[in-house]
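Below, chain A partners chain B and then partners chain C, in two separate complexes.
Then we have the complex of A and B:
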């Protein structure tokens, strides 16, 4: 698979800060992959996301070095309107990105900006509304629906522009568990049914890890670890040293492994269901043995 | 129920068969009528018409109780400013003397006239705000070919009002949670302490404007017209300007012209010809006038 986003020795320092937000980033994101970006607060994750869709350097003052390529072209060479058709960005605070009076207006706003025909707008609405399950909300003001619904509206308004790459900056940080589950359900469908390239910046790993193909650890403005999800979480000690707390089920099996009850040859389970099945197999195997 | 700017109106309300432009046009034209009509009984008749329209539009009339204290206070203030604070006018007829302050008949008439002009204007506004949503204002403007940038600016302003009110409530609750209670303090003290609200509100407003601007850029919007494509207006396709709408606009326009002619051409709807004023004169002045 080819890299749709490529960082080459990329650094960015905001004018108002002394320390660079990102330093010497080298990272490739492959087409069709779901990539999870994790790391503590102020590690540079949002700056990384903004660098992918051109908000940096277009909207912020700072010093930039190195390159960011989106679909083979340097970000600086894109017009902003052209770039936002390639990379859709969903912000962490859904309410902050609402610009319209009804959910329907909000979803069509981006499509109108792209100059799509009315027929095409209707066709895309028919696709995105059931996908994000916002049908009953269309006539309501976007800032009056629940937190989870707000984030699905924000997601729908970006998805409707059908960017081949979708970047989500902490999309579930303000949501309750049901809201989180619903947002990740949409991402699962996008990954499985539409083969979209998705970059998710997230603190809560419970829903991210089962879906992610690759994981990236950002810490103090540097990429400390980037790998496929399974080998990434094999470095459990390293991750925990850098304030990453993996899903409980992974941590439990990692502890079992340290105690010699879980073989190194098997990957750590990513979901509760997978973990339960492994444990059942181990218990049944133990009884038979 | 449809949420309007001032309340809720059932979805099946007949008002929704009218195009939003007709409602905005009604507001603009009918609120001019009391400025042309001097005669209080005709302005009272307009209030009655507005009440009938509110009932016809299925607006819950009990909500009007909210405006009773405002209307009474406004009436008292107008009466006080025209009579007690109206100055000394030896040329006017003195009805009675209140603790050394002469109360003139002409000033009472002026107060009644002004009050009876403002009251129907308020009813027209209440009717409009009770039956319309923010979206209707924008649709009306866009239908009238007002440039998109202007309508969008209006939309953002309407949106900003809601956000500032919300932010103010958050800041106030935060101040209360930290023991700040202005209850029982003097007004100058409260005014001085208002700075406590202004500073965080300004900070929040600046932060929100940054987020808002990022959201617009991320969805391909540009105030500079760099889109280079014709912007479709999907929202307008949801509304159809029917023959009835055209007829109502025509009737309102003709009525306004007829009213101007009747008032300034034929001398109708004047204060001098008003039955109310004649009765008031009879009651306060008697045979002396």
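Then we have the complex of A and C:
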């Protein structure tokens, strides 16, 4: 697998702040991978996302060093329009990306800018509208729908452009629990059926952890840990020291491990189903109920 | 008993928006002194509309809402604002003054308190939420979101409402910040005697903090009881796109091994494991 995004000794400091937002970042995002980026607020996660689609350095003032490559070419060498077709960004504040008067126009706007034919736009609408469950909203103004619905509209308008790389900044923060699950189900399909490369910034790890190939912990502007998901969570002590709160099931097995009930040789379960299986092996000697 | 402990009484409340959309249908509930309540349910289920009926921003289409003896149909928003405070989901939808001081003083000035009382209220509210007086002349928009949220809460507390409703207090916060905000609301509840109602999608938070949970779906109350009781019925929650915390679901999927269906936290689950494993 090759890296579609590559950070090399990359640093960025906003003009208005004293401390760099990102310092000496070295990170590779592999083609087709789903990568979870976690860390406390204000640690630099959003700056990292903006650095992938050219919002930084094009739209912000600041001091930059090192390099960011997208599909082999430096971000600063791209024309913005060209970069937008490769990297689609879903903002954490959906209102920040809305421009149109109806949800339908909002979703169509990006596709029109790509110069797609009417037939192609209609074909993509038929795909993206049910996928993101925004059918009943199409005639409403995007700023009038609920917070959770806004997030789904924002997601739909980026997906409609079908960028090979998708970057999502807290895409589910306003969604109800099942709505949240659905968004991750959409991401699973994009990964499996369309081989998209997906970068997700998220605080709620329950749905991210089962799906992620790689995890990255960002803290105070630095990448503290980046690894495949399983070995990443083997560093649980380290993660918890840095305010990472694992999903309930994973934390439970970690506690059992500390008490000597769960062996170091087995990985910590990433899903409810895996957790149930392990629990039954431990308590009923492997006979699954 | 004629319940002196009831603070809010909602009787057969129905609310239609001016465009005819039915937002609430025949909702009845009592809220008592000393309660910490979570209001949950899918996006669009009527949670926010219900809270706006409680503070009188919306008047019932049918039925009635009695707050501390006042019928909201016949009371001014100003009177009700001193009874029920509502903190918006997004503090930026609430904050509009250009200094922290003016923002917190706005409510007390609006109910025409004398200036020395306004000053006392601002200082008191700021102290309760932990806002340093050095921030009083700062423009709120230059503060981090967590602090803006505290400004929003302080401006509500300055009216000294017995009950405060906080809409999505943890949205956009990381887990540590979420726990800090919730601990703060818990302090308001336990030490200052406020009735606290949170509207949230964060089920682990509900499990950790709320004693009572009200579940809404399509403008009606689907379930109302102790959080443990409500979380023990995942099939009901599912109807409104909610599911119990993951650790609760792990216990429920393994109830046949002896785990109880109302486990609320990892430590509880560990304790049950040790009991079942025969330690």
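Quick note on the criterion: the second predicted complex is superposed on the first by the 285 of 289 C-alpha atoms of A that agree within 3 Å, B and C clash if a C-alpha of one lies under 4 Å from a C-alpha of the other, contacts with A are read in each partner's own complex, and residues count from 1 in each chain.
Keep in mind that, in the parts below, a contact is a pair of C-beta atoms (placed from the backbone, for glycine too) under 8 Å apart; a residue touches a chain by one contact, two chains touch by 3 or more.
Just so it is clear, the model here is predicted, and its values are computed rather than measured.
In the three-chain model built by superposing on chain A, chain B clashes with chain C.
By the touch criterion defined above, A:164 reaches neither chain B nor chain C.
Judged by the touch definition given at the top, the superposed model places A:80 against chain B, while chain C stays out of reach. Contacts of A:279 after superposition on the shared chain: chain C is touched, whereas chain B is not. By the touch criterion defined above, A:101 reaches chain B but does not reach chain C. By the touch criterion defined above, A:121 lies against chain B but remains apart from chain C after alignment on the C-alpha atoms of chain A.
Applying the stated contact rule after C-alpha superposition, one finds that A:267 touches neither chain B nor chain C.
In the superposition on chain A, A:251 contacts chain C only, with no contact to chain B. Of all the stretches 134-142, 170-178 or 206-214 given for chain B, the clashing one with respect to chain C is 170-178. Here chain A touches chain C in the complex through residues 39-42, 92, 146-149, 170, 173-180, 203, 206, 243, 245, 247-249, 251-252, 255-256, 259, 261, 272, 275-276, 279-280, 282-284, 289, going by the rule given at the top. Contact residues on chain B toward chain A in their complex (touch as defined above): 2-3, 133-135, 138, 155-156, 158-159, 162, 208, 211-222, 226-227, 229-235, 237.
In the complex of the two chains, the chain A residues touching chain B come out as 50, 53, 55, 58-59, 79-81, 84-85, 88-89, 91, 93, 96-102, 104-105, 108-118, 121-122, 139-141, 143-144, 157-158, 161.
Residue ranges of chain C in contact with chain A, taken from their complex: 41-44, 89, 144-146, 168, 171-177, 201, 203-204, 238, 240-243, 245-250, 253-254, 256-257, 266-267, 269-270, 273-274, 276-277.
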